[in-house]
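Read through the structures below before going on.
What follows is a pair of complexes built around chain A, which joins chain B in one and chain C in the other.
Up next, the complex of A and B:
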């Protein structure tokens, strides 16, 4: 850093670039935050106030956005009349269940894949990752048919299984990278000291624990935010937050206040979790291809 | 996906071994030495490891391989709730003449290319502008927010913002004079742009993050040396920074491309494929055929073609990953 400043010099062009990029960043930030801000504010507004916008071209009228008396009635509606606590629970069980299953089975598989070589390993690996990349709608057609015959449609176990189709390959693929970084010598030392193979595996788990923790969170995030699986496979008995939110849109009557409140309820926890695992986010979202 | 190892010639075999050794040298320098006298230690047999991965593989086989074969089976049949009848490839034959299917592909590519172009342009510029700034951390954290949002919620919020009578975004576009009183989603010529904007809003930060990670890898000494030699910042960017960014950007492009195939949540809320068929990208059409009209056989045929294209894209992506691997070390 410091050394860069020594040689850096300013030309009119680079100065102009600096100004332009500063302005661009500010505009971009406003653009990116505004929808979230509007959602947040509207969830506390009475419907009439939420619909209140200035006349076209009336720039000074923007202040009407802030003219309202805060109300909690939409949140009250969600939890008292619309049964949202039930949907939150469903979301938690489905997302949490699939995350735990994926990470437990995934870390076992990732560990073995990182420790041995065999013929066709690359093919196996490609198969694993291709299941993760498959379009959700395409996967869902046969999965729906199968689950229907097994009676899993509309149940939480069915939804957990459905989420595992994308979380498990993700966990295997990412966690293998973590185990690759743990030298085999550590387990060997453990085993020389008399530990069994399984104990040796458990002994190196603490070394990869932060990574594993972060990917439990990421798996939860993917499942929590899913709509398609929940809408088709969970429809009926296992309604999750995104589906319940979507159902507030009815042809004649779009309950915007409740939708915004439901949006806040769905989004806020994930944003907090995103902050917590910020360090692993890029790795996770790029399937481990890019590391910060 | 056929196993090339089945037809392995001597040369292939040799190559595999060389690669194996190289992998070991690169990824586990410590264990290279200790693994030599393996026979002395209690090195677990392969069988143990296979058992350890068996549950995951079995589960994955059940929820991905088994459905895959089901999909092939379904695509060759008329699927109804009570019975399934062979229909002599009719599902596939119909696709060739199905205008909405072909249009779906066209729109899907159009949609993906528009999204990618905007995301890369904005995302890379932002990354370059932010990189090394005092506020880098705060800025990046703020930008992350849309990515954490459920796409369906993002779609609903934008649906609200786009609304022709009370949407703020619509008000803005109208006040600036870009748009008439008709909402962006209501006319078939602008609806596509409407869903592209939402995707750009939500996923540009990912490109910025990836580019930032790539920028940290650009050799600073090379930049400095060039500057001392009198290269302009622009010149430096084009001849040093950009080539270094190329691999990460390639990954970003392919990931986003596949995600555009994978997720249709926000588009489903915003337009549901309309008005007319102007935003009926292939996954939306597939969704309609399968779960609105419940023509599961026909849906499976469409799904199969979509899957094959995605897998080909995936193969390319894994190739890129592989080339990246040694660099990481």
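Up next, the complex of A and C:
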């Protein structure tokens, strides 16, 4: 491959811009990381210590923030008294279940849309993505009515179905792009080698793995962080972490310690997931191409 | 191994015919090359044999058995694709083992077959590599290896060496021909390169715009092309064509042109007189059938002016201008003509071809 160097030469303007970017990045980092840091610290503090905040402008008082005796009582509370292990499991099942179903159905639909010509294909394709155009709130009431009639409200299958409804169009759109980039010759070679169409489809799945990986992450993130579906469709029997956390805010008693701990419990798995598959995710979202 | 028959085969994409009424018989164990420029229908033909495209009309038969409705996996053919179509996430070994694995062979047999094929193709040291770590020539060998690990009824090679560099291509021509001879499996080989078809095939099927132009041995196609199109497509440098008048005076018949007047043989005269309407014909002569010199020869000859000379190492190509038309002559590199010089060309009478000016059909 020919070398592709992007040349840039320094000018006063570019120098100034470099400084500006550095400042911007620092502010942005504080803006995004500080709340998580405060949440994390507060979850290990007693309520009194947590509200021990220096006065505005008292920079020397920042040390107060670090003066505390670590306690695990909030976590103990969450898992022993507040039944959070159940809610974690609900979140995992809802997010994982919808991801798996969306990937299976989505990859088959995307493959068909990529390979087979039929009448009204473009209309169908547009219709699929148009189902994502309406805001969730707009369809929530009719969806709730349908789900209630079918007895799916407050159940995990109901919640999985709701997430799948919203993730599937997305899966089809992402994965179709990936399948389009797989040369036909590879599956044709498979079929001449002795594979059925279905076996040929399975054989090229590894070539769209970056797309599947990227989609699974986005799908899990959507379901894991969702509040609206979980609060309305999942309310009662299928309570997930965000809903359970919200319920810690009671009119006469806001349980700040538990809320902070619940926040950590909710955030940590997604951060870990992000770290583990970071490289995968980046190639998946940007590449979309399997070179011959 | 199988005999392959095409019976009135048509392929249409919508209303656009890509293959028109194709009839070919390819005997068991023979090497058939389908030759034609891009878009002539040769790849569609091969894909219909493989089962990757439906046959619009007509039948394709293996050993007199109609295979139109069989899925690719049930046709028992092995194919080598133009872009090799190796599975990028599998090692060379796994690539080559794939057809056997899909047919449920046991591991020890697979190992034996793959090792043998790799040895034959001299890629034993590459078995653990992935396709992207291979050069073009190596990929191509792996693709061939994947085809020969099992014993299919038929090999289908779709321009397998088109993307290799010239030197390797010349080498692989010999290799593939040898491989086909030693395995004895029927082979259909699609190419746009007339040199590949000429040098490898037992039979060449020349196709143009979806129609079979000529079916014959390389010698027949080269020496007795059925029409001007085939004559111009097969052979490098291409055959020269000059429009000239047919002059029939009593016993003597001759091609007449401002730059020459050449008598034809009695046999040729008889054919031309049968086509008495033809006053002008397209005369054809291959560049290597002409002898060129700077001295005027005694007998009948063509007179022209040298336009340019190209030295190709062992040969020299001379472009000669004949009253506004240009023809090419292949000669020895010792030829010392300069641009603009007058030169003279002679040829054996039976090397001349004549084609109808309207239809392009060959008279001889």
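Observations on the model:
Operating definition for what follows: the second predicted complex is superposed on the first by the 253 of 292 C-alpha atoms of A that agree within 3 Å, B and C clash if a C-alpha of one lies under 4 Å from a C-alpha of the other, contacts with A are read in each partner's own complex, and residues count from 1 in each chain.
In this text, contacts are C-beta pairs under 8 Å (C-beta built on N, C-alpha and C of every residue); 3 or more make two chains touch, one makes a residue touch a chain.
What you see is a predicted model, and the numbers here were worked out from it, not measured in a lab.
Judged by the touch definition given at the top, the superposed model places A:86 against neither chain B nor chain C.
Of the two partner chains placed by the overlay, neither chain B nor chain C lies in contact with A:279. Look at A:50: by the touch rule set out above, it reaches chain B but stays clear of chain C. Using the contact criterion defined above for the overlaid structures, shared-chain residue A:191 touches chain B and also reaches chain C. Legend: residue contacts after superposition of the two complexes on their common chain; A:207 is shown touching chain C, with no touch to chain B.
Comparing chain B with chain C, the partner in contact with more residues of chain A is B. In the superposed model, A:15 makes contact with neither chain B nor chain C. In the superposition on chain A, A:76 makes contact with neither chain B nor chain C. With both structures placed on the common chain, the touch criterion links A:199 to chain C but leaves chain B unconnected. Contacts of A:266 after superposition on the shared chain: chain B is touched, whereas chain C is not. Within chain A, the residues touching chain B in one complex and chain C in the other are 183, 185, 188, 191-192, 290, 292. Residues of chain A touching chain C in their complex: 183, 185-186, 188-196, 199, 203, 206-207, 290, 292.
By the touch rule above, chain B contacts chain A in their complex via residues 1, 3-5, 16, 20, 23, 27-28, 30-31, 34-35, 41-44, 46, 48-50, 52-53, 55-57, 59-60, 63-68, 70-71, 74, 79, 122, 125-126, 128-130, 132, 139, 141-154, 156-161, 165-168, 171, 174-175, 201, 205-206, 209-210, 212-214, 216, 220, 223-224, 227-228, 232-234, 248, 251-252, 255, 258, 261-265, 268-269, 283, 286-287, 290-291, 296, 299-300, 302-304, 306-307, 310-311, 313-315, 317-318, 320-321, 324, 328.
In the complex of the two chains, the chain C residues touching chain A come out as 50-52, 71-73, 77-79, 81-83, 85-89, 98-99, 102-103, 146, 156.
Per the touch definition, chain A reaches chain B in the complex via residues 1, 3-4, 7-9, 11, 13-14, 17, 21-22, 24-25, 28-29, 31-36, 38-39, 42, 50-54, 56-59, 65, 101, 105-106, 108-109, 111-113, 115-120, 123-124, 126-131, 133-146, 161-162, 164-165, 168-169, 172, 180, 183-185, 188, 191-192, 197, 201, 221, 224-228, 232, 241-242, 245-246, 249, 256, 259-260, 262-263, 266-267, 270-271, 273-275, 278, 281-282, 285-287, 289-292.
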